[in-house]
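For reference, chains read A, B, C, D, E and F in written order, and residue numbers begin at 1 within each chain.
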Amino acid sequence: MSEREQVGREVMLGLGIDPDAVIASVAPLDDRFGTTIVEYAFGDIVSRPGLDLRTRQLVTLALLAAQGGCGPQLDTHIPATLRAGATRAEIVALFVHLTPYVGIPRSLNALYQAKELFAAADSQEGTP
Amino acid sequence: MSEREQVGREVMLGLGIDPDAVIASVAPLDDRFGTTIVEYAFGDIVSRPGLDLRTRQLVTLALLAAQGGCGPQLDTHIPATLRAGATRAEIVALFVHLTPYVGIPRSLNALYQAKELFAAADSQEGTP
Amino acid sequence: MSEREQVGREVMLGLGIDPDAVIASVAPLDDRFGTTIVEYAFGDIVSRPGLDLRTRQLVTLALLAAQGGCGPQLDTHIPATLRAGATRAEIVALFVHLTPYVGIPRSLNALYQAKELFAAADSQEGTP
Amino acid sequence: MSEREQVGREVMLGLGIDPDAVIASVAPLDDRFGTTIVEYAFGDIVSRPGLDLRTRQLVTLALLAAQGGCGPQLDTHIPATLRAGATRAEIVALFVHLTPYVGIPRSLNALYQAKELFAAADSQEGTP
Amino acid sequence: MSEREQVGREVMLGLGIDPDAVIASVAPLDDRFGTTIVEYAFGDIVSRPGLDLRTRQLVTLALLAAQGGCGPQLDTHIPATLRAGATRAEIVALFVHLTPYVGIPRSLNALYQAKELFAAADSQEGTP
Amino acid sequence: MSEREQVGREVMLGLGIDPDAVIASVAPLDDRFGTTIVEYAFGDIVSRPGLDLRTRQLVTLALLAAQGGCGPQLDTHIPATLRAGATRAEIVALFVHLTPYVGIPRSLNALYQAKELFAAADSQEGTP
């Protein structure tokens, strides 16, 4: 295992993202690309000093929400952003902050997805 | 002047953005829209509690860089983000952070613009 | 209730969009943003003189279709555009008109959604 | 000359767009594509019944402004939209109308380009 | 039937895309647009000499994956690209190739869709 | 120098792109990111087997043209695509092929840039 992969795996585990699940999700198609994601996105980029992880994750959410069509990625990164120390209220404030720059539809769709994720997490927690 | 406009103007002045210049830039076309930008973008949204101004501005830069074609807005918001307390190094780290999510071209173009703005600011300062 | 909210609510009701439903849809996350949408999008912008409501709504549909991933917004705005005085044939002509400028996929996806909405409305009407 | 090309040429001339200039602009690269644009965009699509030309052109402007990076196309289509019967005030209202759906930057950049085009037209007219 | 439509139909049939199904899918809304797609996209453009069909289809997949929200079009064009002579491995390599230019989310979403399509094709084939 | 960087440098040199120039272009801002581009974009991704370099470069051009605002990247990658074995006519055919999928404006802007680059190359060659 490369050093970059080790760094990437640590960053992912700190965010509650399972690197082996990411790798497995593309393994039937390509036996290398999943590892490249771990090495590059998390090992080379997200692990960099210069910006704290909480801010990085808020920016990641903004980029995913703004481009649209990233439902699966928001499912992964909304919980990861909470793990990185952001609060639900900050994630909501973030998605509201998008509107002057990319318009209301992208903002609302991200808020609706956050609402469902938060509700699902609460109902799971509340299960006796 | 509405309370929202007052709030918006204060936020803008804190970021080193001149509200009257924004209003004047569209005034030959529309005598109301510039004020709406002050009231809405800065008075309603950016002024909200729930996310600190420095984080907001970093997110704004990410959204401008990611959508491309926002050179004039980056010219305004890169200095504004420095005013909001972010460092040059954080802005650079932010633009590098874009790459796994929106690709290298948007990231590089924002970095090149930042490089020119920083150099222009330094050379202005260095003028005896 | 602000004057802008009152204006916005009237515009929305004229389009058959329930302002309280919009506000309620984000209320679990944020008690203010729904009202901001009413005030800003409908009170400040859509209510403006200078462009008739039917043209505005056709433009809104074009913008939603062109950016993709706005299914929920098209569900709201296709009926609203009919309320504003456009015909089904005009909405179809509009989505066809997109193709030279943004390509066929965005156009087809909007047409498929319109087809389903029109069929659902017809079958509901036909219910004895 | 195909019937579609004839129809396309008439539509273009009605909008003040020179079909031969469009064809010439790509002729050094491809001797067919310019004609395809005339035939398809203007002959097949813009010439269709079902939506009046003024509304079509306003929608075209909205699509060009919203995707960004279409300066050369706005240079062509802003005057064409005036030719189609829209007023300057309507074009301004249109660009302002973009903001709730695609954000303020795209709206402002289109307004700035319109401002320059209008000023250039006025100064040309004013030349003694 | 125009010559362009004939050419377009042949290209489509060679790709395993049924022109009548495309025409039928929009016929309830517009009795002409489906034919325009056959004539223009396949008759005027894809049929052109200058680039082989396999390369054209790989480029088409890249464009659909990169803009997001084109699930229905990928469902049509992934099998069509296999028909044009590309292998599954090349389609996977293509979607991986997107990442430096448009980011990992668009790449992953296309890969996930390809994975499902390939699995569905295999299970259908494997049915005794 | 990592093995990935070595691989990336070889790929770049084969395409006529100077890795040291890329690294130098961001070095005043960040002493690591330029190397990451060499390692990741060219070492990890473009160097992969599974798709020939000429096809990869044509896809890269399509992605750059389609997203707009990538003038500097097209300046680099149009010559690189010629180096990879594609002809000028294929690049033109590629940009024409974009239109059914992303619209005519993105296609035309890429063609105009190619026209200028080709003319500049020819005039340079023609200099006695």
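Just so it is clear, contacts are C-beta pairs under 8 Å (C-beta built on N, C-alpha and C of every residue); 3 or more make two chains touch, one makes a residue touch a chain.
What you see is a predicted model; the values in this text were computed from it and never measured.
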Least hop count linking chain D to chain F through chains in contact: 1
Classification of the chain A:chain F interface as same or different, half of numbers criterion: same
Farthest chain relative to chain C (centres taken as mean CA coordinates): F
Cα-centroid distance, chain C relative to chain D, in whole angstrom: 25
Rounded Å distance, chain B centre to chain C centre (Cα mean): 30
Rounded Å distance between chain A and chain D, as computed from the means of their C-alpha atoms: 40
Set of chain C residues in contact with two or more other chains: 36-37, 40-41, 45, 48, 64, 67-69, 92-93, 96, 99-105
Chain contact graph, described as a line, ring, star, complete graph or other shape: complete
Interfacial residue positions of chain B with respect to chain F in the complex: 68-69, 92-93, 96, 103-106, 108-109, 111-112, 114-115, 118-119
Interface residues, chain B side, partner chain E - complex: 99-105
Residue numbers on chain A that touch chain E, as the complex places them: 25-26, 28-30, 33, 36-37, 41, 64, 67-70, 72-73
Of all residues in chain D, those that touch chain C in their complex: 37, 40-41, 45-46, 48-51, 55-56, 58-60, 62-64, 66-67, 89-90, 92-94, 96-102
Residue ranges of chain F touching chain A (in the complex, touch as defined): 32, 36, 39-40, 44-45, 48
